[in-house]
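Here chain A shows up in two complexes: once beside chain B, once beside chain C.
For the complex of A and B:
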């Protein structure tokens, strides 16, 4: 057997060991072997340290900040622990209206929208739950997700659909994220489908459609600030001619929000476009050719063959954009400064406004709320949609 | 056969390369050090080799004169001035972070004296009193008393050198008012009436209807100062020491009462005669609009006077009049808790029965020195600030619109020639300087809020409430409640007694 010989040398009597020791200097050998064993850890150490210093430590420290109050004092600063006071301020105190908005009374239409969306939400959760073994832990998890989702939906409907309500920064961010990403996906898919055709000039348009992504967001925001200026912007003559010279989008909350979303759409559609184009071009052609032979029309081919084939990629790119979109900052900050009122203020901008005046505690509380919401949305999306879509293939 | 590195060899090589690199870096670092030291005696200049980092906001205003004069100063003294600029909204916080963390990368700060309480209390700023006393070239007594005694001083010590004189005035189109036989506005009601009269008419001959009034109302910009210019005339009538923000005995905000409601309503009504996107205008927009003849009236600092004579952008040269901020015939009586008509008791400083309260908004850009900077750098930094403020330089800079510097020295508003040389007609210069003098000589001048957290009271809470009020998110009543609640929350958080003391000492109440 293989093990017989070496084992005897190692576990040998005193003589054998003495012989081995005479052949090779033992402490050095041990030391080198120890070094070799540590090498792995040492090689990984710099990366671990970098992550600890740059990522984990700030994360924990900002958590502590969100539970405390920062004050500059003689010779430095003081951080007092205040418990959940900052979160209380956001959810119940003076920042509540700013953060959550004010609730209005919803009419029949509002109720219909709520019930429809709530029904869809419950259906999605039920489908997810029934796709695996029903354990108590899974029921609990799904229950929490269902409750949080319904609460969020309730808040969104009461602040947006109700005439007297007004969305706070949390709901405005949801509008940017869900509305924006949906639009970006649809436009991106449309452009990608067009560019995947054998059309003349498609190489040129591929480059053109990609350009917005290369421009710095602040540059894009300033450009849109000029474009949307009906008084002296480049479209001022057009607005004048149409009789809209004295109407400004910036005076209307939804006008301003839509302007922000158009800017974001312009900036981020290229990302969707390039990934979806790659997916479209890498799909196998055999099923499509077979479908053509079978007499399927273009729509049927797209819906039944192309879409399922690109679903995993599409779902991934939506997930990436969802997480990204929560951090929207440049566009509302430059375009409207969060105005009119607080109508276009996103969560990041809300945190920034507080941070700017050294209210680090509340600012960190807003940032942590954002982190919480992003994580929740990310996990819910992966559980409910992403896995299904990627497994469909 | 390929030779493969063992992990041990890789580590050894990495260590060797790393130490070699470190050694190389150290050597590079070491070489230039003796350079400047050796240079000093050779050239014989006072601050040779000294580098001073000056931080201020991204201009072009304020930063422009500093950058333009830095090379001159370097030629004179050898000190190199690096002007670092950051966006205005970040300035307060950037400076404070640099100081609290002990980074001290900024040696000289050119900032709003309004934030002084937050910088002086923890001991970050150098007391300039002895340096100023020993500096005759600065001509300290030439600086207007308000700026010397209120803006530059905190707790009896001088911490800043004024570079700019800031208080707000109302500007009007003198040609239009003359043609219609109207007098410049004395009260805010007059302001609205004049604005209404000219709104929708073509005011600059380009065939497009223009606006009666144009005020910077953008959120996160200057709107809260513009608003307080209106509010102050209702809230303060007993002279500078009365203060316009809080009751000095209780630290209760003066923001939830009938008089404040009137101010809010007037502020909102100016929007009726303003451009459609006024909510998105900062002073850049309102100034451009006024000097291109698009507005009949505006509220602004001294800048418009000099911008209006700038041949590159102005279409209203010698058609601009300036006047002390309009006032009110009714004021808030704190002890009676009601709004009262002006008489000898309620408005002792009234002119023609109108209570004017010229508002020293922002307080004027001023320079201060970081106490923790090296001694040599502090000397050079002080010399630079003094150089900027000396009449030889300052009296030229205040006549140039793009500097953003407004008059703050007596010699600047006594000397008409200075302004005529800069391009103003004599009549326009007399009118402009007259309005400045009226404001500065008023015993009822309003001091800007200068207590710890001033930036939070005004820049966050007041700014947000005003923006929401104008956008229709809040009614007048809700706006006042929200503002009062927000201010009280900050006061309680920072300590009511401490804040009250700071407020009283900013008003020099013993």
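For the complex of A and C:
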């Protein structure tokens, strides 16, 4: 590179600049000046290139891989383009049971659950649609979301509520995401509201409640395996007393799923807690004082003043957690290994299992399905919920 | 300290405080009990575990250091190597992430970027063509060089005059941060194949590179607000004094945003420290990190919880210490990120 000259290194003082300006610039000075003019590009390009090379190109290649068959051959591999065969396999073929699950026949109760939830879903979307200007684009958007939601609901009810049905990795991931995030948000909000009060010793709770978030998920998963052991774990006497001593929770699909969700709740409630607490503490006090003067009770204050004030932050943490929760992998892989059978497998774990059996194509197809679902849910959430909550202020 | 909001002018009532403490205490128990169980299991002999649960050291069972001795002395290097890997990979990747992230975030907060969408599309198209050419047997240096050459040529000749939509700073920042949305599993197989081709699988370097890419969006996300709070007047006066852009960044901006840099570094470090999925794909024996070692316990030794507990404690000890020190920074960083995000 350019050898630095004593004069150029002491450029900071004004005199040196003035002297240098009178001379004809030397090559390395011209280079430095050029570098200074290009500072904008020099600063941003490395990061852009890293993301481009390690995120965008792999993403494009994954798409190609999901449309091809990967075969290891002597000294390398062969990739043959097969179109949508991998996706067909997931939706209709041999991986269908694993990915979508098997549909069972639902009785009257199942239908009632489905119709109730579907009615609620359509009602919520209808309210959202009628709250703004009714344009054809908004009708189309709401229609797509409504249809996708009903389809997902139908799949979930047919695989979960039916006694003969069995949810696949797609539905199990939804259970983790929507069930888990809702629980984490409610617990986090409760704890944050309590901690926002002027109680002595708040700092202690804040630090303690933060801890689980920092602990490696793998470690959390093993710890919960110890805790949930019905023979040697701390709750063995309770399990014994209830008559579950010889019944291992890992052999029950829902027991195993709930164990995964409890571990996830333990680990990720802190994230909700800490952000919501910071939001609660930074809200302005005037509206609350005014409400107290007007004789509002605590519940009214919370519902009408506090909640609207923290709504933008709350909506954002829910969005972040929704997106992150779709990637769940460590907890089910270590806690249950995806078992019993594939009862606790998430989509990421499904893709990993396929990758390990060298079925790169189908693995990439599962990963892309996950990406599609995350993107769809994320966009639908931002359009239908997030914007309204953040613009409400 | 600034006055904080209180739930009422007189603070919580006695009943309210009691209920609050009960709920908070309950959750404290929920948080701490698993950690307590981990800590006592690490000091149990196999017999104490297998004969059913025991709860109190010295009362229920006699603590023993056998598991610690086994993990730290008998296994020795087999524990030390993954530990060192985790430290080295975590520290190196976090420093690199911070450097790249700080540079990019500073650029985005002080310069105006107007990138033509057309250029981006042409660039991507050429990249795909180059990749296809490599697939068809063209040597890759040739493909990359001709691709880049075509891009520069097109840019100077055609695209310079082209109109069309452009991407501004907000778009670039959003693009970077939105990479966090990407499920890692959607990109890990190509990254695995890339490192396989480069014969870099199971090396620390491969992990460092992958972690930098994975954590860069978070660094940009968290650093954005720290840079915004630095008054631009300081930089302007330095600029009048003849300092160039890099000197300003190095001597003024970075020192002023040191608390934010430290907090971001530690946050990224914790993420890299705990990372499991990428490590699982990209490393096996040599570059094995602690999460892999812990996860491997089940497969190799069965549920030998006393050893597992020791390993988990060794792993989470430093992180818990960090969490206690960092609580305030993390809350602030996450909140700012969440509000602006």
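We adopt the following convention: the second predicted complex is superposed on the first by the 328 of 393 C-alpha atoms of A that agree within 3 Å, B and C clash if a C-alpha of one lies under 4 Å from a C-alpha of the other, contacts with A are read in each partner's own complex, and residues count from 1 in each chain.
By our rule, contacts are C-beta pairs under 8 Å (C-beta built on N, C-alpha and C of every residue); 3 or more make two chains touch, one makes a residue touch a chain.
Because the structure is a prediction, the values reported are computed rather than measured.
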Looking at A:316 after the superposition, I want to know if it touches chain B, chain C, both of them or none. Which is it: first, second, both, neither?
second
Classify the contacts of A:271 with the two partner chains as first (chain B alone), second (chain C alone), both, or neither.
second
Which one hits more chain A residues, chain B or chain C?
C
Just checking: does A:231 make contact with chain B only, chain C only, both, or neither of them? Give me first, second, both or neither.
both
Under the stated touch criterion, which partner chain does A:137 make contact with: chain B (first), chain C (second), both, or neither?
neither
Partner chain(s) touched by A:329 [first = chain B, second = chain C, both, neither]:
second
Using the superposition on chain A described above, determine whether A:73 touches chain B (first), chain C (second), both, or neither.
first
Between chain B (first) and chain C (second), which, if any, makes contact with A:55: first, second, both or neither?
second
Tell me the contact category for A:43 with respect to chain B and chain C: first, second, both or neither.
both
Touching A:108, do we find chain B (first), chain C (second), both, or neither?
neither
Taking the two structures together, which residues of chain A meet both chain B and chain C?
32, 35-36, 39-40, 42-43, 77, 231, 355
In the complex of these two chains, what residues of chain C are touching chain A?
3-9, 11-12, 16-17, 20-21, 23-24, 27-28, 30-35, 37-38, 41, 49-50, 52-53, 55, 100-101, 103-104, 106-108, 111-113, 124, 127-128, 131, 135, 172, 175-176, 179-191, 193-194, 209-210, 212-213, 216-217, 220, 241-247, 249, 270, 273-274, 276-277, 280-281, 290-291, 294-295, 297-298, 303, 305, 308-309, 312, 315-316, 319-320, 322-324, 327, 330-332, 334-335, 338-339, 341
Okay, in this complex, where on chain A does chain C touch?
11-14, 16-17, 32, 35-36, 39-40, 42-44, 46-48, 50-51, 53-62, 65, 77, 79, 187, 190-191, 194-199, 205-220, 222-227, 231-237, 266, 271, 274-275, 277-285, 288-289, 292, 298, 312-313, 316-317, 320, 323, 326-327, 329-330, 333-334, 347-348, 351-352, 355, 360, 363-364, 366-368, 370-371, 374-375, 378
So in the complex, the part of chain A that touches chain B is made up of which residues?
32, 35-36, 39-40, 42-43, 69, 71-77, 93-94, 97-98, 166, 229-231, 240, 245-248, 250-251, 253, 336-343, 353-359
Listed in rising order, chain B residues that touch chain A in their complex are 6-8, 10-11, 89-90, 92-93, 96, 99-100, 102, 118, 121-123, 208-209, 218-221, 275-277, 279-280, 453, 455-456, 459-460, 464, 467-474, 482, 485-486, 489, 493-494
